[in-house]
Amino acid sequence: MPYVKIKIMEGRSIEKKQKMVEQVTNALVNSLDVKPDDVRIEILELREGTFAHAGKLASKKTE
Amino acid sequence: MPYVKIKIMEGRSIEKKQKMVEQVTNALVNSLDVKPDDVRIEILELREGTFAHAGKLASKKTE
Amino acid sequence: MPYVKIKIMEGRSIEKKQKMVEQVTNALVNSLDVKPDDVRIEILELREGTFAHAGKLASKKTE
Amino acid sequence: MPYVKIKIMEGRSIEKKQKMVEQVTNALVNSLDVKPDDVRIEILELREGTFAHAGKLASKKTE
Amino acid sequence: MPYVKIKIMEGRSIEKKQKMVEQVTNALVNSLDVKPDDVRIEILELREGTFAHAGKLASKKTE
Amino acid sequence: MPYVKIKIMEGRSIEKKQKMVEQVTNALVNSLDVKPDDVRIEILELREGTFAHAGKLASKKTE
């Protein structure tokens, strides 16, 4: 632990995702006094047509 | 909130999924006194070979 | 399938939760042409201090 | 119940996954005194670039 | 990986849960050729009134 | 989106958890170019006896 799951709409570059996991890992190391080796992050990318808000299926643009 | 995750076997049309999220959103609005804008729904479609029941991997037909 | 997980803030009565699962089950039966016996719903109630929005831990009132 | 979700890196054969669900179902039947028909298993295969450990996105090799 | 989440109704003894995680870990080690140290298992115990089947909230007895 | 779930062993103070959600929200805002209002974080605290590593149920100390 900690085990982190981050849900985002599909479409980000691998570089952006690498930057995200680095910054989120640092945020957890600083705030929870854990070691980087303790931190696991799973990225779940939701495809268009798989997420709805207020009864409407979201497309990438509206995300 | 509420945040809803609905797992179904892969294969439904986008129209069916849109109808589902509308009806589930209404069900939550009516039963929990929340606004449509409060409701988020994630649809997770399980591919064939990713779900087992009683020790057997389910295929679409048996779903 | 379908397997549904509904996350709500803690505090609703058992009657309200029973009404919710009935209406959500009906919504799925109508929209996905499945039988009530196919539908399983899990309710995850988030305690105060376990959900944050825009960097702030939500309390029940703001929910 | 029990409802089991198993996260593994992508790449195993269908035969290996079938062997896994059989053995995990037996493990649950033996340890929890439930029937095979009670056991549902979902397999979530994480694609390369969707899982990070210690701030680094894992690729299949390091899995 | 593998990361496993097992949902069961509340009420099993710690001994039964320890026996379960041992047997499920062995099942994964044998079927996926991974080491015990690779296997993490999370147990989510559902309280009465938090799981519904066919529109009815399940109580422990019916589990 | 993004919707984040952070699993940690039980026992951190509310101050530590508030510091964590602030820093993780900032990390996501900086790396994904999203607004704080877009970010929702759920904290799931695992009780002792609900998490196993290498076949052994973890207690708080070993976390």
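General remarks:
Going in written order, the chains are labelled A, B, C, D, E and F, and every chain counts its residues from 1.
Rule of thumb we're sticking to: a residue touches a chain if its C-beta (ideal position, glycine included) is under 8 Å from a C-beta of that chain, and two chains touch if they have at least 3 such contacts.
This structure is a prediction, so every number in the text was calculated from the model and none was measured.
Taking only C-alpha atoms, you rotate chain C by 180 degrees to land it on chain D; that is to the nearest 5. Of all chains, the one whose CA centroid is most distant from that of chain B is F.
For the touching copies chain B and chain C, the fraction of interface residue numbers used by both exceeds half; the interface is of the same-residue type. A straight line joining the Cα centres of chain B and chain F is 26 Å long. Chain D and chain E have Cα centroids lying 12 Å from one another.
For the pair chain A and chain D, the distance between C-alpha centroids works out to 21 Å. For chain C, the set of residues touching two or more other chains reads 3, 7, 22, 26, 40, 46, 51.
Within the complex formed with chain D, the residues of chain B that make contact are 7, 46, 49-57. Only residues 1-9, 12, 16, 19-20, 22-24, 26-28, 30-32, 46, 51, 63 of chain D touch chain E when the two sit together in their complex.
Chain contact summary for the complex, chain A toward chain D: residues 14, 17-18, 21-22, 25-26, 35-37, 39-45.
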